[in-house]
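Both complexes below contain chain A, partnered by chain B and then by chain C.
Entry: the complex of A and B
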């Protein structure tokens, strides 16, 4: 079937397209900041979903690619004077390269061992970057103010960063769909169900897993560069927060793993809830506990996530929600 | 130079015993039910606060306070198992990882609201001990002794009592032990409770060494992962040895390079062992 006839293909893209366009038209700073955080969450969750949802490998340290890519991009941008576009791609490529190297080794592990190894890699990377002097050590780096001048001052630069993030998010969603509906993606789904059986049937599991890992590491690197450029500084504590990895997992689980639409809905839903809890007078001290309780309820009672649940209960919507 | 080396090594090893206890809890849970308990850190922190509250408000000796703290730890573990873990025990790893992480968030969230994140400490000193040229705080020595005591109790329990034997049977083969009439759900709950009990005790012991906050459990949880992998996941004695190795490393590394490199070495070693010998340094292939 031609992909553009399938609502599952264009629906997520159109949602993000319209959303970003509305923000650009209204041109309001607070709205842009909110949309930036949300789009970032969507991009990160979707890229994690490419690994988690399709191959079933749980990466607890996916934020390591956000951090390392962000650091590299920031370094290229601020210290070496690269343009934003090139620096972000550079950050993404470095993340992808590291994922390739790490993946060749770590992806031999399965299940919980893989999950543990990813936690270890995240902690090791954070400790390493804290000690790595070119990246500013424990204090991190600040953006060289002249970097903003190229884009017509800080105000304009932030809008350009937003547009770039908006496009990146759409690309992630597009890649997510294409992977799922390719022959390659079918192989990944087979690995998720039973890796040994998949290998017997001719799926080259080690290669397929490594490629998936590389794809899902590239985008966090790009997004990291954009995020830290927007913030104006980068430091180890911000870049490798284990709980951000977990939040990404929660978003994917909330929306439904292994779906294209799921991470989009999950990320927006989670961020909205988090914002609500943080600002509500009753829950503001307890927002973490409430979020935890919600996560627990989802895992115990709706393990397929929102999109998975809808797909299982309303057959007609299966074509609309991919 | 050698004196300094030996004294920092001793210090690290004594601390290593306590790390070992925390890791033993984690490894016990993994060995019996293949669940990685991501709520381990917060339980360690609860152990710290339990000891602290008993000491400052009721004036209980912090070492005596270990007994009620251990009891509370067991109950907390049973509750966590029944609410969060039992339903996902046969589900893929992702579910149990996320379920225990949800418990982690709940405990940290409530704990932060109740205790805030300002550091506390137990103001109780046993003075220091001198052995030859070595001088170290007596609390380290008592801590290490407590850790050995807990390990011995666990060993005796697992090998010489009926519930302990049931735990080992379920760890070995859950289906077969059910066929032999062992109520596996109850045994799983008990093992989870024992695991969190060890975490709470380790927390109590650590609280006598260092100041702590409700978030302090996190680093010890990560150390426990490293230790478990060093000693072989599911092997309690390996966990104690792994704890000693980690403690020794923490003592030795700062004499050669800046302290901030310690985590790089620790986690590098962790990933390396996972890759080369996922069964641990002492596990069978």
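Entry: the complex of A and C
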């Protein structure tokens, strides 16, 4: 089947395309900021889903790739004067490289052991960066103002960063679809269902898992660079927040793991709820507690998430929601 | 010889699971592997296809030493198997399950080609009507057929069948035996573990008997059935002894 005839392929892409185009047309700063946070959540959740949803490996510390990649990209951009595009790719590549090296070791672990190891990696990276002088140690780095001048001042630079994130998000969704519908992806799904049986059928599980880990680490690195450039500074406390990792998991589980559309819906849905909770006088300090409770309820009652639930109950929508 | 097993020894802690197991399997035959429960039959399969690395000994498949190779490497050289406890990939459809076999087996097929091969294999085992169902929805007999289809789609030279008849009713057994014969007639060599004595005696060219990890007899079905050591091994189970003697 030709992919463009399949709504499951183009629907998520068109949603993000139209969404970003509307933001660009209206050209309002507050709207851009909201869309930035939402698109970032979609990109991060979709990246995590490529690992979590397709191989079933739960990475609890996935935010480490956002942090490390973001730090590296920020350093290249601000200290080395690289252009934004190159710096973002550089940040992504560093995350991918770290994932490749770490993956060889930790992907031998399964289940809870893997999840725990990924938390350890995040904490180790935070401790390392806090003591790494080229990255500014515990105080982090501030953007060199001349970096904004290249893009016509801070105002313009923020719009360019937004466009970048918008495109990156679409690329993540595209990759997510292509992986799922490839021969490689079928091998991953086999690993998710029964890794030993998959290997007996000839799936090279160690290699496939490592490649997947690398793909799912690359995009958070790119997104991290864009995010910290937009913020103008980066510090260890912002880059390696474990709760963001958990929120990524909630987004994927809420939307439906192992689907392309799920992380998109889950991220937007969760961020919307989070925005509501943070501004409500009763819940403002409890939004993480709500996230935790949600994760529990989803796993107990709708393990397939929104998209999975709809797919199971309305078979005709299966072609629309991938 | 398509498969040569030489002096294979495997221990789990204090349990001697296999001791110096040696046999050859010529191409195109059906070799039956029997023995009481816990004799080490499935362990032997796991050693042959790379799930376990034996402590000692060699497994030579089509002239190549495959001992201690990971199971996916052995699979890609054309050795497929089914599991005694069926292991379908639950969330995938029946067809997708079989496509994994076709994509990652001896011939590395694209998804499109794999779909065609999967449908062929499903037709051969009689599951084509259920191709679009989730594999978790099949009953045990159908799951056994699914395991066979997955193995067949890999286009193996040798297939290891682990108790494909267990839990089936007599008419299902007869149908499955037809399927096994048809696979052999395609030119695929078969090594099968079975507890249903009449079936395995009828279908095998040769029989191996394992007891406490030791190969106690090997030969034609009638020779093995009259071997006093084999009868003794089964004496704990009078019904099986009677079955053997009746053969």
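Everything below uses one rule, namely that the second predicted complex is superposed on the first by the 320 of 322 C-alpha atoms of A that agree within 3 Å, B and C clash if a C-alpha of one lies under 4 Å from a C-alpha of the other, contacts with A are read in each partner's own complex, and residues count from 1 in each chain.
Note that contacts are C-beta pairs under 8 Å (C-beta built on N, C-alpha and C of every residue); 3 or more make two chains touch, one makes a residue touch a chain.
Note that the structure is predicted; figures quoted are calculated from it, not measured.
**Student:** Counting residues of chain A touched by each partner, does chain B or chain C come out ahead?
**Tutor:** It is B that touches the greater number of chain A residues.
**Student:** Touch check for A:11: first (chain B), second (chain C), both, or neither?
**Tutor:** In the superposition, A:11 touches no partner, neither chain B nor chain C.
**Student:** Tell me which partner A:194 touches in the superposition: chain B (first), chain C (second), both or neither.
**Tutor:** second
**Student:** Could you look at A:291 and tell me whether it touches chain B, chain C, both or neither (first, second, both, neither)?
**Tutor:** Touch status of A:291: first partner only.
**Student:** Between chain B and chain C, whom does A:183 touch in the aligned arrangement: first, second, both, or neither?
**Tutor:** second
**Student:** Which partner does A:121 reach: the first (chain B), the second (chain C), both, or neither?
**Tutor:** first
**Student:** In the superposed arrangement, which partner chain does A:246 touch: chain B (first), chain C (second), both, or neither?
**Tutor:** In the superposition, A:246 contacts chain B only.
**Student:** Of the partners chain B and chain C, which touch A:203 in the superposed model: first, second, both, neither?
**Tutor:** second
**Student:** Between chain B (first) and chain C (second), which does A:211 come into contact with in this model arrangement: first, second, both, or neither?
**Tutor:** The answer is neither, since A:211 touches no partner chain.
**Student:** For chain A, which residues lie in the overlap of the chain B contacts and the chain C contacts?
**Tutor:** Common to the two interfaces on chain A: nothing.
**Student:** Using the touch definition from the top, list the residues of chain A that touch chain C in their complex.
**Tutor:** Result: residues 181-183, 186-187, 189-190, 192-194, 196-205, 258 of chain A touch chain C.
**Student:** Within their complex, state which residues of chain C touch chain A.
**Tutor:** Where chain C meets chain A, its residues are 49, 51, 70-72, 75-76, 80-81, 83, 87-92, 96, 99-101, 103-106, 109-111, 114, 150, 154.
**Student:** Within the complex, which stretch of chain B touches chain A?
**Tutor:** Touch residues, chain B against chain A: 30, 34, 36, 83-84, 87-88, 91-95, 97-99, 101-110, 112-113, 222, 225-226, 229, 258, 260-264, 267-268, 270-271, 274-275, 278.
**Student:** Can you name the residues of chain A that touch chain B in the complex?
**Tutor:** 52, 56, 58, 60, 105-106, 108-109, 111-113, 115-117, 119-121, 123-124, 126-128, 130-131, 138, 246, 249-250, 253, 285-293, 295-296, 299-300, 303
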